[in-house]
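The following blocks contain the structures, represented as structure tokens.
Same chain, two partners: subunit A is paired with subunit B first, then with subunit C.
This part shows the complex of A and B:
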């Protein structure tokens, strides 16, 4: 990789090392690997392919965003990869590896999640991989006080902790997400949506996991709370260095939060690139459409088109590129042949589109051939202030 | 603006809804009044989209339901085409044929065990359409929301349609009795990003071409900017800022509006000022006296904690309920209905 390519990415946050997060560049910091992974719903001839040959890497302290519409397979992908998917979901191929870090001899310990037994999975879940779901009201047990939730997690995974230690840890976790300790005695229904989601995040971080999966954690919240939570997540990531997979359909949120973004459509990744490059210079027509679907806050008011049509029915998949029916730049080849995910530029981007396959005679339309802009530093006001506060306290 | 009775206009004067609830002390604890909506006046005019923006709990949905007369206001009055509506009486067919409500979640607001046909024909039959006409009317309603050809959708079940298509069915259901006023309560927040614009463009088209008066309720301030002719920001049941067009989004004058706008993810402008971090441990969400936003406000002054600010005129039909504008802006009498001030709020 050239040094120019590194310069194009956004500067890293704080002291956290997020180098080597690009595909295949370094394996030392690799936390989570998904290789050629496919998931079906149902068996035999009636099977519907929900996730199709997906490759993803998540590095330490990296936030990987997965964007896509409902039904694009983004949730199915992470549930299946962490073995949480229930029947009729079937993993039909590929491999998923979770690296637990180096042991005393410096040898990388890793777990093949697809081969792990229930017992092994039970050990890894929550302590190494935790998940925050969209609806915190449904994820929290309505008849138990918040303290009980923390108690259960710590009791199961840290049996040698005393009752007092468990309580102290719960209070520490709550203060990490900006909640007062009196919340511990509340029931879920007594808290607001934002507070419940913060508690889910605190629980997810209770055992210092390697990987935290966020499945649309802010979709049900309003913008002010969403802003507070994503600022907090950036803070926590900078402090603890866990890797994060953040699933959402809001691409502009991801551009602000994530380091790298994978865009999914109809079960496949159609484009994967560093966040800044994806935003300033999208290469796939679907990414461009998603970016143009959010009305802007500035500039002249003009009519926007969004993406015409609706997502394809997975049970009745079209031939060729799955996006061709909605694509404004459709060519003959798109209807018959499936484009492969190929690198296009030196930012580490891969895209599945015939426009970028390097075929002779294909003219890439202007909106899809923009130069990658060097984006200014992401501004999370809270990062520096929190770090300072932590330093002062210690 | 003079009332044009053929076009339809819904005016609300001082709409207020209070709920009484027990404090956390339990059943025998003291009662507390929650002011869900407090003295909100607005006018929905034909061919205009009025956007109401606010976070969850700001009272915007209660406002929509009072306008639809599903919730009875504690006080205040409604005027449909200039005629007072008896707000405490039972809702009449005559009223619902003029004013229709579109709900947020199409997956739960459309009966899943019936075909689309049923959802569209039932309101028509209730409103007295003839049995042999209903199918044509239902098909026409589907065409208006660009579900073409209607025959393809009439006999589908809700689970066979996508979220965007279902929300269009929900709008078609509201339109099939030919209302003049459409109240849309967060119509796009449950939809995928890629189909949101389609629904927004549809609402805009209904407003421009069919001269419907539309109330667009949202927490997404960018979508309000895209569609609105008048924008109102609500906080804790009160209107805190309003402007013609999207003036308040381009130049927000109330600290709450500024907070809302700064919170929107906006990758186009990554260097902009982020909202001030409020110390959440001491944060009380709504002040009981003074300005309701004062506990969260970064510019809070002594006057804010004790005195509720009036509406200050900050120019060009733009008013702001904030003491910061006490020196520059003139007080606007909010109690005065808009029509007596010549339709829009003007600088005196």
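This part shows the complex of A and C:
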């Protein structure tokens, strides 16, 4: 029984050596790994598979964007992976590991989130994994001053801090997100939506977490504020080196912010690639559709197209590729066979589409065969070097 | 409505069977009774036999027939009182909770008064003022019982309404100019269904108890057969002392069974009405085997037992010395 389960969870990315170690320069920085992860709503006969065998890696100082339509499973994936998903959601397969960093002997400490007890989860929440939600108004207690919020987090998790140190830390956190220290004495209702969202981000960063999850944190904000917050997040990540998962349906926003983007459709990842490569040369027809349905923050103007049709009913899943009903490049094979995620070019991209499976006789249509304009993974390297500098300095 | 499928929980199924059985008995009981329950044509004090399943009374009446005929009056009074009391509770509770202000004060005071007065003595007092002809009328008795049984339900419904009246969807319909009556009926009331249904079940239970007690004390007409009058006659003819258990135990067991059935049914109400729970219908045994706790906790998403933990969980880092 156990061996069967082990076979299922064979990692598909990275090479495992016989002693169980992963090799490769990036794996040392691996913070969060999701393997073959499946999530159902309900159980038994009425179960609906909302996330289907997803693999994801998040590295140190990396921003991973997850994009997709409403109902594509992007929030479900991340909530379930952190065990925050509400009933009737259940985790039906796979593994999720959070690496906490190396201890004194240089051995990686890690937590298996699916095995962890409630107590262990409680310990890592906020201190190692923090989350910023869309509605900041509901997350802040309306009768407590902002300072009280910071005070309580630090008191609980950093008991040896003095009152003065706690206050200094709160001011430092506020200035990190571009807020003046007099905001500390305000009540939530005295702040604007953007300010409240910044407070939430500052609180999420208060304990130097390994991983910060942002679930559409800027969706309720205007474009200018959105832009400011995105820039701040980008800077903060470079300064402190935390990993970030950013969930949004706004693909052009992700292109600005993320290092790598995973596009989800009907519970599966259909394309994962470095942000630049994904933007300049999408390979999956769905990615192309998403890119064409939202205007870029800057760059040339273009016609918005959208994607005709609507996502498939998860309770009554179609055969073959889940996107075939809406795909303009549908082939016969798409209706019957499910495409697997396969690498397509040297950018580290994987895509689940029969157009790119290397079958003979398949002509890839023009919009999906563009050359990659931006040098791959450029952004990621710059960030890594920034982190190294920060490490050397400290 | 596709919601009306057979419930999977054995508890609820059992409750459904018991209550259904007695409901059928209410309708067909008097038709299938083998003898006239009042006819004194048999030998008195017979022990159970094939001809007389539960024996005969000291007057020579067939006890089994009395039990079957008595089911109708008992259940009719219980159902009528339960329905009327729940309707009263709903009207007063929702109105008090939604209208607020002086209306709330008045209605709350009224239900507090009815809560504070002990039900049974009040019932006896009201009943003793009834004309003797009405005491044999189940419908009048049912209405009188409902008068003492609505207050608790009204209080619960008022509290629920208070929490609902400020929800966004209620406020939205207030802003678009819906009348207060319409909001109470179409926006608030459907959300109270689970509370309402369980309050109905327990009011029916209360009504059975109250009716049987009244009959047992001898305050209803003895011309109407119900399970209480059976026990009244058994008691006044010293059946317990004479060891005639077959006289007073069967009606007692019937009352207890109806009560058990209603209570079991109450377990299923949430499952029926709450769409979130309906989607996840599994018996508790199967659920436990799958590794899902009975009450899912927020922040602790269950992992199915079939899903094994990650194979790459405990792994050493590549560079142990850096």
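Just a few scattered comments:
Operating definition for what follows: the second predicted complex is superposed on the first by the 339 of 394 C-alpha atoms of A that agree within 3 Å, B and C clash if a C-alpha of one lies under 4 Å from a C-alpha of the other, contacts with A are read in each partner's own complex, and residues count from 1 in each chain.
Keep in mind that, in the parts below, a residue touches a chain if its C-beta (ideal position, glycine included) is under 8 Å from a C-beta of that chain, and two chains touch if they have at least 3 such contacts.
Because the structure is a prediction, the values reported are computed rather than measured.
When both complexes are overlaid on chain A, the residue A:303 reaches subunit B alone and has no touch with subunit C.
Residue contacts after overlaying the shared chain place A:290 against subunit B, while subunit C stays out of touching range. Residue contacts after overlaying the shared chain place A:94 against subunit C, while subunit B stays out of touching range.
Once the two complexes are overlaid on the shared chain, A:105 sits against subunit C while remaining clear of subunit B. Contacts of A:69 after superposition on the shared chain: subunit B is touched, whereas subunit C is not. In the superposition on chain A, A:143 makes contact with neither subunit B nor subunit C. In the superposition on chain A, A:255 makes contact with subunit B only, while subunit C stays out of contact range. Of the two partner chains, subunit C is the only one touched by A:83; subunit B is not.
The residues of subunit A shared by its contacts with subunit B and with subunit C come to none at all.
Contact residues on subunit B toward subunit A in their complex (touch as defined above): 55-57, 162-165, 192-198, 200-201, 219-223, 225-226, 246, 249-250, 259-272, 274-275, 277, 280-281. On subunit A, the positions that touch subunit C within their shared complex are 2, 5-6, 8-11, 16, 19-24, 27-28, 33, 35, 38, 40-44, 46, 79-80, 83-97, 102, 105-108, 110, 112, 114-115, 118, 121, 125. Chain contact summary for the complex, subunit C toward subunit A: residues 276, 279-282, 286-287, 290, 292, 296-304, 306-322. Only residues 69-70, 178-180, 192-193, 221-228, 230-231, 249-253, 255-257, 279, 289-290, 293-298, 301, 303-308, 310-311, 375-382, 385 of subunit A touch subunit B when the two sit together in their complex.
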